[in-house]
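Once you've had a glance at the structure underneath, I'll fire off some questions.
Per-chain residue numbering starts at 1, and chain names A, B, C, D and E are given in the order in which the chains are listed.
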Amino acid sequence: MLIKIGREVNLLAFSKKLEKETGTDVRKCYQCGKCTAGCPMNFEMDVSPSQVIRFCQLGMEEKVLNSRTIWYCIFCDTCSTRCPQGVDIKGVMDGLRRMAVARNIKPKSNVRFLEKAFQSIIYLFGRVYEPGMVGMYNLRSGNFLHDVGYFPLMLRKRKISLKPHFKRTREVRQVMKRAQKMKLRKAKELEEAK
Amino acid sequence: MQELVKKAKELIESKEVDLLIGYQSDGEKGAKPLFVKNTQQAEKLIFNQYCLNNLVTYLKRPDVKALKKVAVVAKGCDIRSFVMLLSENQVSRDAIFIIGMTCDHVVSPDGTGENEKCTTCKVHNPHLADVVLGAPVPEKIAKDKPVHYAQLEKLNAMSQEERWAFWQEELSRCIRCYACRQACPLCYCERCIVDFNTPQWIDTRSNPRGNFAWNIVRALHLAGRCINCGECERVCPANIPLMLLNQSLQEEAQEKFAWEAGYDPESQPPLTTFRKEDDEDFIR
Amino acid sequence: MARIGVFVCWCGSNIAETVEVSKVAEVSKSIPGVVYSVDYKYMCSDPGQELVKNAIKEYKLTGVVVASCSPRMHEKTFRKAALEAGLNPYMLEMANIREQCSWVHNNMDEGTQKSIDLVRMMVEKVKRNKPLDDISIPVTKKAMVIGGGVTGIQAALDIASGGIPVVLVEKESSIGGKMSALDETFPTLDCSQCILTPKMVEVAQHPLVQIISYAEIEKLEGFVGNFKATIRKKARYVDVDACTGCGTCWQKCPVKVDSEFEQGLGKRKAIFIPFPQAIPSRPRIDAENCLKLTKDRCGICEKVCPTKAIHYDDKDEFMEVEVGAIVVATGYKIMPVSAFPEYGGGQYPDVVTSLQFERMVCASGPTLGDLKRPSDGKLPETVVFVKCVGSRDPEHYHSYCSKICCMYVAKQTMLYRHKVHHGNCYVFYIDVRSNGKNYEEFVRRAQEQEGAQYIRGRVSSIYKDGDDMVVEGADTLTNSQIKVKCDLVVLATAMEAPDGIKQLAQKLGIGYDQHGFLTEAHPKLRPVETATAGIFLAGCALSPRDIPDSVSEGSAAAAKVLGLLSKDTLDKEGVVAIVNELTCVGCQNCIRVCPYNAIELKDICNRQGELQRQVAHVNPGLCTGCGTCTPSCPSRSIELQGFRDTELYAEINALAEL
Amino acid sequence: MSENWEPKIITFVCNWCTYAGADLAGTSRFKYASNIRIIKTPCSGRIDPMFIVSAFEKGADAVLISGCHPGDCHYNEGNYNARRKFTMMKRLLDTLGVDTRRVVFAWCSASEGIKFSRLVNEVTESIKKLGPYTDYHSLNQEER
Amino acid sequence: MKYGYYPGCSAKSTAPELDATTLALIDFLHLDIKELKDWVCCGASSMHSVDKVLHTALSVMTLDAANAEERDIMVQCPACLAHVLEAKEVLSKDSELKSDVLEAVGKQVDANMKIRHFSSILHDEYGLDKIREKVTNPLQSLSIASYYGCLIVRPPERMQYDDPENPMVMDQLMSTCGAEIVQWPFKTKCCGAGTAISDTDVSLDLTYEILRMAKNNGAECICVLCPLCQNNLDLRQKKIEQRYGEKLNLPVLYYTQLLGLAFGLDPIMLQLNRLFVDPFPLLKRKGIL
């Protein structure tokens, strides 16, 4: 790998952008690796958590947004809790994921389908309704029979019901619409500012 | 009343005190100081809602200081000034016998209605006394609750220019009689800074410059010490609202230093101590 | 009448380029009180100074204003000249027309005008100045060293060799400190006790050194050259003079408790000396565990003592010493394993601190040098060393680097491999900091020749899985997680300020930082001094240090003490506060704000000796001239000489005429 | 206001930090406005709040007060005491309607030559915009 | 003590036994806690990665629901707890996010209420001493490994629950009930959380390690408080046993169920039959049932 740093490159720009998005300053990291050492998902990651932070320090936005890592973080927060420098690694992962979503970068894990399914369910019912969510997830991920084996078992134990429960759905939808509008408006403002 | 007179006689008779300072009536709706040296005089002692004066002020007088032991009738608010005198080494606890009076409220200086200072009072029941007389009065404000002064709000709402104009108008009436200084229980310097002439900090004439400087220095010297007894304003012949300045600094001491004067004789006045983490937003 | 001379310097072109110096001198003449003014190319030169001296004599000047550079540059120079010409040096002031005028402004008119103002301000001030005398303070030619570790021992020895008597106060029952517990020391691998014990003996036998062990500082009064320290000699229950250190008592004592010296890995008795080479080699009784003192049983030690040196009714004793200077060498402590929950929080016996490891390998340790792991006595075949535990972790523990861990971990890997030739040892590190003479070579040797395997990454957690300890770390160089199964984990835990150091600092009136380390007067130029004159620092009391640095500082502090105590008296500037006792009402404001506790209440009595009133009184030896007292005084009864209200007010007033 | 009016700014500094910082600004040749007149005190703790009043009485348009940063005080804690006095003084002046934009407090260390020069320039600039402090100065004229 | 109960979606779907036992305990201990009428989903473990504003807004709606009933909030699900606490944090100081969130919610919402987990309330508000008095059926000789998971302890400054590396709240509750508590190192190790659905294999590795470590340290059952942890450890235990060829047979009970047992509540009410790993043989062997 060759990292080219030309005169036009501002290494700090991405750190600053990240700080705005996540409230954490990646420049504090001195690469001790404690986050990587304790990450339960590290073995699924192409870039270790400490390396993600390093790439962020070097301003390598594309590299991190296209990594598997940001999609495999499960937000257990072991990293941030133990970080000696108070870097919120989990928060950075979360922020990077939002940046990737905003840029429509193809996710490297199925988790994104779960997120989408989840969003639709909340929109429909206001509270989570698992069978619908897993079903929708399966549709989106193309893995139609995933976890279906557990269905009868869970039904038998009455751990899921086939009847969704509705709550404040109108309000929830309004909130979601407003948030969506706000997002579009901000994106537009940003565009215009450029 | 009976118990006050009884206690006073007891103290005088037993020669426990040389002098007792209390109140006597002054017309139907009034009270004035009474200096009791014998049991006969003690008969005149009263205590009611017209007992406005802060008698602790008399303790700073050299002739009173010279006495072996003095008893003073004091309300909770007055005792706050005694606490400050204690903390500032101006009285000896052993030399003073405090007859604490429970007090629901006193009247305002013009004799109508409840005195404003009583609405913020936290010591309707004396907090430091050798004997407490009167029935307990329920406290309305918790000790740790910050106090706000209603009169200040109007002043604070003004623009800076309006405040300037307001004070120029008010202070223009000052005749530099120093009654405020005399009445204040905490103005006890033997040589006041205003009488100091090398250098002369403050123009001693009654002119805008001198009046302004005098009132600044007076308020500043009371910063973190004023206990809101209101005596300065009550005695001011020009009716200058002096308490506004004192109260403003009381609020500042509360907000910035979590301090209220006159409750704990062990603690230090805020301008003689500090915390490293004190607010310094105003410093560049 | 004031007769002021004004001397305006060109400073070559430095001032003259932006300030019309001749005009400044000319206009100065019109300031009331000025009887002479002149400008000159280099006022600080010998002819320049002569000019000042001659004018003082010729014009009988009562005050001088030199308008030139910053007083930080030449105030001393000119005041000395004034003194030589017979003028009190405090009657000379400088107007700073270079640093604060010609160098920061471009415009000639502005520069000239400002210079005239600055001169006028200083003329007005100097007119009101009062002659001041320097204050001469007598000196007690004796020193105290607090802390009997290697640093304190070195300081005491050096001071005593200079002929000054020393009182060496040690908190524990023996001097020797942390170094006496170490096995071998980097980078030469010499045996710690072999090099330390001769020094301990030397200091103990030095005729000018008095060792007071098992004692602490109770109180310190006074000031530079004239301290009075109260020392609490803690109850030892053993008469040190009668005791011969024969050892019968601790051999017979039936109580066994964990030994602090052995870091909890070995046992000691309730009457004990911490280690065999202890100095003084006199035991003390541990009152918390002694059966006689806790339950009034046993009493064996008293029975067996051949010299009747045991006294169960012993009490703390206080002694006062008067000293002229103090060296604080209180050392450090290291963090215990229990401080780190993610590393087991102390629940696993096989996770130890590096100091425990020293005892585990030391030939005089509890196992006599046989390396056995604490849980089951097994020989550890695989050992993991973890660096930066509690150091460089501002979020949870300490932000600083403990400085010595890199080196002693390398050393400990060697000690380990020397004991267990076939053993594996791994070191988790973030950086290797080996900046010292032969240090880098030493670390390379550990890795290249002694078989230490270094892994770059921090450890996230340590836990026990069956019989094994598991260390979960990372190797950031390969970007992977690393799990090591091992028998023993050694944590290089952070060096911390010792317990009670803040209280000690407060008693001594010296500063400490947020970590509890004592603060030096200047980190570079006054590294072993404190802001309090006469109190010096050395060793780990300041921050983590290794043995060579600590010993050097012990010597450095000793040199400072010797310098200070070489004179019979000390001179200090006359810029101190003075109280007007006539107007002072004794409100204590100044006493409360004084950062140096230099002010106290003084009783004013009448002729019959009856107390009339109390006023403030300044101890000029302690006063440093900050002036914080002055504005706190409502009646202006305390004034800082050289910066009195009337002098400062004159400066403000001088500007009114503009 | 006359055409070429220039603000008069009286500055009180401590000897060890800000005075040295001002010296550093000089040795570094950081240029700044010539409107300030520095009065040196040993410590910000020596600066009496009444100096502000006197300065205004003597015609100052602004007062600048600066000492060591907290923790840096040569006398350990003089500046902490000063900070409390300044807090009170600022509130009092504000209550009295004094234009507190004209009373500037700062911490400036011996190494902050650049901060000192910027501070002076900023204060001078802002006072130039505010104009002379005629309100206060007029107190001198009216005599009763 | 006056709390509104925020059960969260899980308690109403995959963890009905948590919901039921919570209500049973509230009833049994006479606590002034009742379910908030208008709570909504907290956005769970995924919404924050999509839209921070919306994610926060959902929790703010629940805060609003508590305000309407003038109650503090008692939460059972750690994820919900984390999110409402986060929302409270956002509302506590001015920021762009705060104004955006309030705009999305469409009204001003204050967050002055206390927000606590049910186990904390039992542990230090109701108090261990009072719990001890209520124990009629001690969990004698039952070795319990308490498993807390991630979200309840991290980030510690937000959750204010207990030591993030070695929490003791559940352990102390259990030992108060007479159980033997197991000290083990994986109390707060991650179980894989939502990956159980999206990347099942990944989570199996993690859950296996946890179960194995509990068993090796002598645990006979596991006590949990998080519905997702419970699911991962319980529902998938059989698959883990198959995959790693090791018999684990560790029942995974909610702490509320275990408390209920110790209080002598009806096992049917405690819905022990809903667990996938059958706890009845163990409980019978120990004489608890």
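Just a few scattered comments:
The rule is simple: a residue touches a chain if its C-beta (ideal position, glycine included) is under 8 Å from a C-beta of that chain, and two chains touch if they have at least 3 such contacts.
Note that this is a predicted model, so its numbers are computed, not measured.
Annotation of chain C and chain D: jointly contacted by B, touch as defined at the top. Which two chains touch most often is answered by the contact tally, and the pair is A-E. Centrality by Cα centroid goes to chain C.
Distance from the chain B centre to the chain E centre is 58 Å, each centre being the mean of its Cα atoms.
Separating the centre of chain A from that of chain B, both taken as means of CA atoms, is a distance of 63 Å.
Computed from the mean C-alpha positions, the centre of chain B lies at a distance of 34 Å from the centre of chain D.
Centre-to-centre separation between chain B and chain C, using Cα means, comes to 47 Å. Within chain E, residues 164 each touch two or more of the remaining chains. Touching two or more other chains at once are residues 342, 461, 593, 632, 645, 649, 653 of chain C.
Shared interface positions of chain B, i.e. residues touching 2 or more other chains, are given as 201, 271-273.
Every pair of chains that touch is listed here: A-C, A-E, B-C, B-D, C-D, C-E. Of all residues in chain B, only 155, 158, 160-168, 172, 201, 205-209, 212-213, 215-217, 219-220, 223-224, 244-245, 248-249, 252-253, 256-257, 270-276, 278-280, 282-284 touch chain D in the complex they form. By the touch rule above, chain B contacts chain C in their complex via residues 88-90, 188-193, 196, 198-199, 201, 221, 268-269, 271-273. Listing the residues of chain A that touch chain C in their complex gives 30-39, 42-43, 47-48, 50-51, 78, 82-86. Within the complex, the chain E residues that touch chain C are 163-166, 183, 185-186, 213, 216. Listing the residues of chain E that touch chain A in their complex gives 9-10, 12-16, 38-41, 43-54, 57-58, 61, 100, 103-106, 150-151, 153-156, 164, 188-190, 192-195, 197-200, 202, 206, 235, 273-276.
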